[in-house]
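Below you'll find the structures, each written out as structure tokens.
One chain, chain A, links the two complexes that follow: it is found with chain B in the first and with chain C in the second.
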Partner chain A sequence: MKAKHVRPGEYGAVFKYVLLLPAVLWVVAFTFVPLIFVIHYSLANYVLGLGITDYVGLENYADVLASDRFWHSIMVTAAYVAISVPIEVVLGFTAAWLVNLGAPWSYGFRTVIGTPLFTMEVAIGYLGVTLFSSQGGLVPAVLGLAGVHVPWLSTAWGGIAAAILLDIWRWTSFVFVIVLAGLAGISSDLYDAAILDARNHWQVMWRLGVPLAWPVTTIAILLRTVECLKVFAIPYALTTGGPGTSTEVFSAMDYLTTVQFFNFGQGSAMGVIFLVMVAALLTVFFKQMRKRLA
Partner chain B sequence: MTNILWLRASLISKVVVYVLLTLAVIFTLLPFVWAFINSIKTSTATFEPGAFIPFITFQPTLDSWHNVLSDPQAINAFISSIVVSVGTTAVALILGVPAAYALARFQFPIGSSDIALWFLSQRVLPPAVVLVPFYLLMVYLQLIDTWTGLIFCYSAFNLAFAVVIMRDIFRDVSTEIEDAAKVEGATPWQIFWKISLPLSVDGLVVTAVLIFAFTWNEALFAAALTSQSATTFSALVLASRSTRGVDFNIAAVNTLIGIIPPVVLYFFVQRYLARGLSFGAVKG
Partner chain C sequence: MGNVEKLEALIQGYLKGKIGRRDFVVGGLQLGLSLAVLTRLTAPARAANLMDSAPEAPYESPITQERVAFLKTKPFKGTTINVMVLKTTVGDGLKYHVPHWEEETGGKVNVAEVPIETLHQQIFSDLASGLGRYDAYMTGAWFYGDFFVPKTPYIVEIDKFQADPRHPYWDPDQWLPAMRKLYEWNGKLYGVLFDGDAQALYYRKDIFTDSKNQEKFKDKYGYSLPAPPKTMKELQDAAAFFTGWDWASDGGEGWGLALHAKVNEQGFFHFLSLSAPYVISPDNKYYFFNPQDMKPLINSEGHLRALEDYLKLANAGPREEISWTLGQGWNLFLAGRSAMEPTWGDLPTLAQDPKTSKVKGKMGAAGMPGTTEAFNPITGQWKKYELNQVGNTNGGSWHCVISRNSKKQEATYDFLAFMANKKNAFFNSTNGWTGVQPGMKFEYLPPVGTASLDEFKAQNWDADDAMEYLKGYYSVLSAPVQQEYLRIPGTAEYWHELDVNISAVLGGQMQPKAALDATAAAWEKITQRYGREKQKVLYQASFA
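Moving on to the complex of A and B:
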């Protein structure tokens, strides 16, 4: 497949670099240069106002790795991603499949279901406070009618669950929009053929829809995972990490360490550690995805 | 376009589909309705148990709307957000689309999918990690608290979307058309600009909307890299916690105002989304 698309670079020898290089340089200047700074800071003792006072080797790293708060935030982030992303993918895919059937009014359904993608996460986090608050919150009030009482914002797991629910609300629409675009690209002839030897609708979805939409879905899963690992605004606005630091995600902790406490050394070191862990995870993830694509 | 599956579906299947879609719509709309109800409460009423129905369980007021709309800082932030999001989208596309085309059409010493992955890899970087170096970089470039500074940062972050999505879209443009143009004597630039790009407009629009929405949403960098004149709307909302505790009725107004520009954009480009992108998937 690759060979069909990529042609020998007979006339494009210089042209192709003219097209590619500005983007590469831009990314290098605005993300990789700062990253080098981060690595630099991570090896140093940085005092606000004085700058780097001395180099401490791997001491920042040792401090971070020995910190319970760091590992706790990693666990919270991991749980957050592991729960919300699969749910978002399943819900988003199903919704896209249903809308793609083209039933009357699907245009309206499509419009509404895609809307949360365009909201501001910070605002949604604050809205979540009023949704889940035990005082006058909508969710506890509705659940209360059914006799269910969940301590949403007063316990760690309740706070994480509330943040995940908001995340699902906000980001299912992303999977939805991407998968829907992918499904629309499937030729109608394929449905005609599939319907002949499938017993029912759901079989067509499993045998035809899922395999054909898999590459697009892979992109959605990948992008969602990458974004979700950086999650900040929703849980931070919702719980500020509380009670205590029990619902603190990684980005929130790193943000507080650097911006609030100006501990650039440790903040940078934890960033580097996090980056290494994420890179390892994504490498494994990508190998698996490629195998299935092949 | 109605799918054959729908035409052939049994009545029960059709009912199930509508029930599921209706549930999805209710789930989607409920927070918006709740935001609206909150926006017409006083700040004390936002935590009053049972204050759910305007006029009946609480007295509605437009004070918070009035507060936000008459606040020059909020208006300014709103304008900032629009300028920064449009600027970012433009810069990311101008840089990213040619790169995506190059990766889709030409061979490089390194595999083109590996280069695309490299672009994507910088999205892995949590913003909190690079906040400090960016701050210092912006101070050095004298771009702190400016639209330009934010546009530079955001365009670099969002370039990956332009590259990864558009690369796959260009791969779907038939090379035969390009080959024909080449035989006619078109230069590589003409082929890109006059043939492949117009054929990829659908994908371009979708990419633009996604970048716009991502930029619009970003709050952490905006909060750190601006202080007054270039503060964006999302940064303003984020900051509402530190200044005076959160007035949740104001936050609700902000939620609703904050979705207007991207949603308007989304309505306009809806039809492009439906035409189908394969993101590199095999088409039938």
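Moving on to the complex of A and C:
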């Protein structure tokens, strides 16, 4: 049978659009349409049981930008990201490097370190309440044996520290998995050559592993940063934002405003402002990444 | 025959069983009587028709003859109702009765438990979306305003069900007046009896009456240790006195006063109750807003002094209590480590369980201490009083309401009324793990009510504890000057703003004045969003 020759533009052009259509529909339905709704609500006054009662222009935006509580939640979120992500990257990278060396315990370690990744964040948060509670919590009890008394959940820094510790436990394995895949892609010849020249394995890691695994590590940093900016379940389940609002991250504040109290107007304005901030941050991040990789 | 005679004949016919409830109600309506009035009229009629018990209803007492006949048909066989409850003791209390009702009626109850921090959102998401996944919701009394924002309220009146003798018998006239208001809206009944919250002061009677402690206290403060403290000054002194030493002589550290002050829980109720006598008085009943313009009163001089004093009281407990939930706060008292705790009636009931309590038989209870000077935020004046003590109904008074979207309202009501039946209601209020407190007269001892000490002893109560508790609790609910209970739309949000700012003060994040000013500013925004005029009308109506 003779195959039919398809000329460019005959079916191909249509077909590629057909293939793209599901993805486009997905993005339109679940990104652009909700975004349009969010912007619409952000310009309105919404009351539970009545719906939109009035259009208020940019008043919701002005209220959010003038709110100390909003800026405080941004600062708490920024601090949370700035502390937890670097620690997770360093620990995840180091663990991946050690496992990639082929140590005898590495298979078991892979399983163990991956476990938290399959645990629900909200469950980890509630587990944290038990772990850090001043009434019989494991962590205060163990530290108490050494005479150390930390007010974990009753101070701002204690609450944030406890949440970050749980976050690190949860997410280090994510960085580990990604970096391990990157390291596995590096030719063993390069390792063999580097080991001959280097003084020890740490020097090999620093001089060879880090630069060669940098592109994939960057992806891990990017994903963790984006995910961490949305952090909610662990700190909220642990402290519900308190004492006061001292440990309230942005997502918790937006959740309370929008979902708990049905203030869709102000909650939507908050979401749009945060979206712009994160988009700006990621634009800078991508530019830097392109420069490094160029 | 005139209307009066017709009505008399109607009532006699109904009492003697010559006509049914439906004919009675229809006849009454034709005579121009409202359903509410007819409900009242049927109550004595039903009471006359009551039996102590029946084999068909082992879990109900008293019971009507119609109910017995109704149960013989297994009326709700094949019917499943869905109820959303608070995931805490009150939720457990409701769940306890589910198998009993299922056994009697053939129906089935699915219970979904929701933590307090998401309860409001879950209830109103279900209602506003029209999904109607739940037939009933366990609500805090402060959610009521939100139920009545739409033209057709989100929840249904229960008068028509309550008047039907086929459903479990309970008598709304048994409610203490302060409590009944929380189950009604505009004089109509929407909630079915369950919980009756108020905050009282609980203290260690044995420690307060100990002669050595009394001597020490007098040496330090120059007056006798008050058992119980009657003024805020006495409360502060007693709290400070018992803080930081081993008054229990068991080698542990003692504290003066325990709080459960975790933010986004129910810690702010402490402040509401303890601050009331600084603002509420025989000369002023407004605590939250000025009823003329809905401007917040929360940052008045009286509220500020109350918050400064509250901070002193918080220093008489462990630093960690600002992150404690209810159970954790109660644990300190139950473990014998705190001399006092201002809280709900769960505490004395939980104290009766020797497995978790070291204080059974040592409980004292009293109304919240008062002040000798109160600020009237409407006139802006302080005024002196001999003793200004204020009662309250602070708390959730958790109970169920029926969704307007429910297709099984009758079965749902039947289940809720089952738990309101005297036998079950009394069980609830005398067992701490149910989280239910007494709001009905029959749960109190004479002369207030009809309960007997033996009934409490049968539920493992120490007799002295029971008497102390009921006396103290009743004094709060029946105090002539009562703190208002906010029930306008957005109350959850108003209270949240107060809650986070009070917590910020306890955590050292804010100064009292700044915290109250921030609360007032946030309340203004909320009022504007809901509409000042609408809020004003509802706020004023709540005092009618």
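Please note the rule applied: the second predicted complex is superposed on the first by the 276 of 294 C-alpha atoms of A that agree within 3 Å, B and C clash if a C-alpha of one lies under 4 Å from a C-alpha of the other, contacts with A are read in each partner's own complex, and residues count from 1 in each chain.
Rule of thumb we're sticking to: a residue touches a chain if its C-beta (ideal position, glycine included) is under 8 Å from a C-beta of that chain, and two chains touch if they have at least 3 such contacts.
From a predicted model like this one, the values you see are computed outputs, not experimental measurements.
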*Quick one: classify A:Q260 as touching chain B (first), chain C (second), both or neither.*
second
*Have a look at where A:V112 lands relative to chain B and chain C in the superposition and call it first, second, both or neither.*
first
*Kindly classify A:Q135 by the partners it touches after superposition: chain B alone (first), chain C alone (second), both, or neither?*
both
*Give one of first, second, both or neither to describe whether A:A66 is in contact with chain B, with chain C, with both, or with none.*
neither
*Once the structures are superposed on A, label A:A181 by its partner contacts, choosing first (chain B), second (chain C), both or neither.*
first
_Residue contacts with chain A in the superposition, chain B compared against chain C_ = B
_In the overlaid three-chain picture, which partner chain does A:L145 touch, first (chain B) or second (chain C), both, or neither?_
neither
*With the two structures laid over each other on chain A, which partner does A:S246 touch: chain B (first), chain C (second), both, or neither?*
second
_Contacts of A:L196 with chain B and chain C, given as first, second, both or neither_ = neither
*Share the list of chain A residues that count as touching for chain B in one structure and for chain C in the other.*
133, 135, 240, 259
*Within their complex, state which residues of chain A touch chain C.*
45, 47-50, 53, 63, 68, 133-135, 151, 153-156, 159, 239-246, 256, 259-263, 265
_Of chain A, residues touching chain B in the complex_ = 1, 4-9, 11-12, 15-20, 22-24, 26-27, 29-35, 37-38, 41, 91, 94-95, 98-103, 107, 109-124, 126-127, 129-131, 133, 135-136, 138, 141, 169, 173, 177-178, 180-192, 195, 200-201, 204, 212-216, 219, 222-223, 226-227, 229-230, 232-233, 237, 240, 250-252, 254-255, 258-259, 264, 267-268, 270-272, 274-275, 278-279, 282, 286
*asked:* Which stretch or stretches of chain B touch chain A in the complex?
replied: 1-6, 8-9, 13-14, 17-18, 20-21, 24-25, 27-32, 34-35, 38, 45-52, 95-96, 98-99, 101-108, 112, 115, 117, 119-134, 136-137, 152-153, 155-157, 159-160, 163-164, 171, 175, 182, 188-189, 192, 206, 210, 213, 216-217, 219-220, 224, 233-234, 237-238, 240-241, 246, 248, 251-252, 254-255, 258-259, 262-263, 265-267, 270, 273-284
*Touching chain A in the complex: which residues of chain C?*
117-118, 120-121, 124-125, 128, 146, 149-150, 154, 262-265, 318-324, 328, 331, 489-490, 492-493, 496, 500-501, 503-510, 518, 525, 529-531
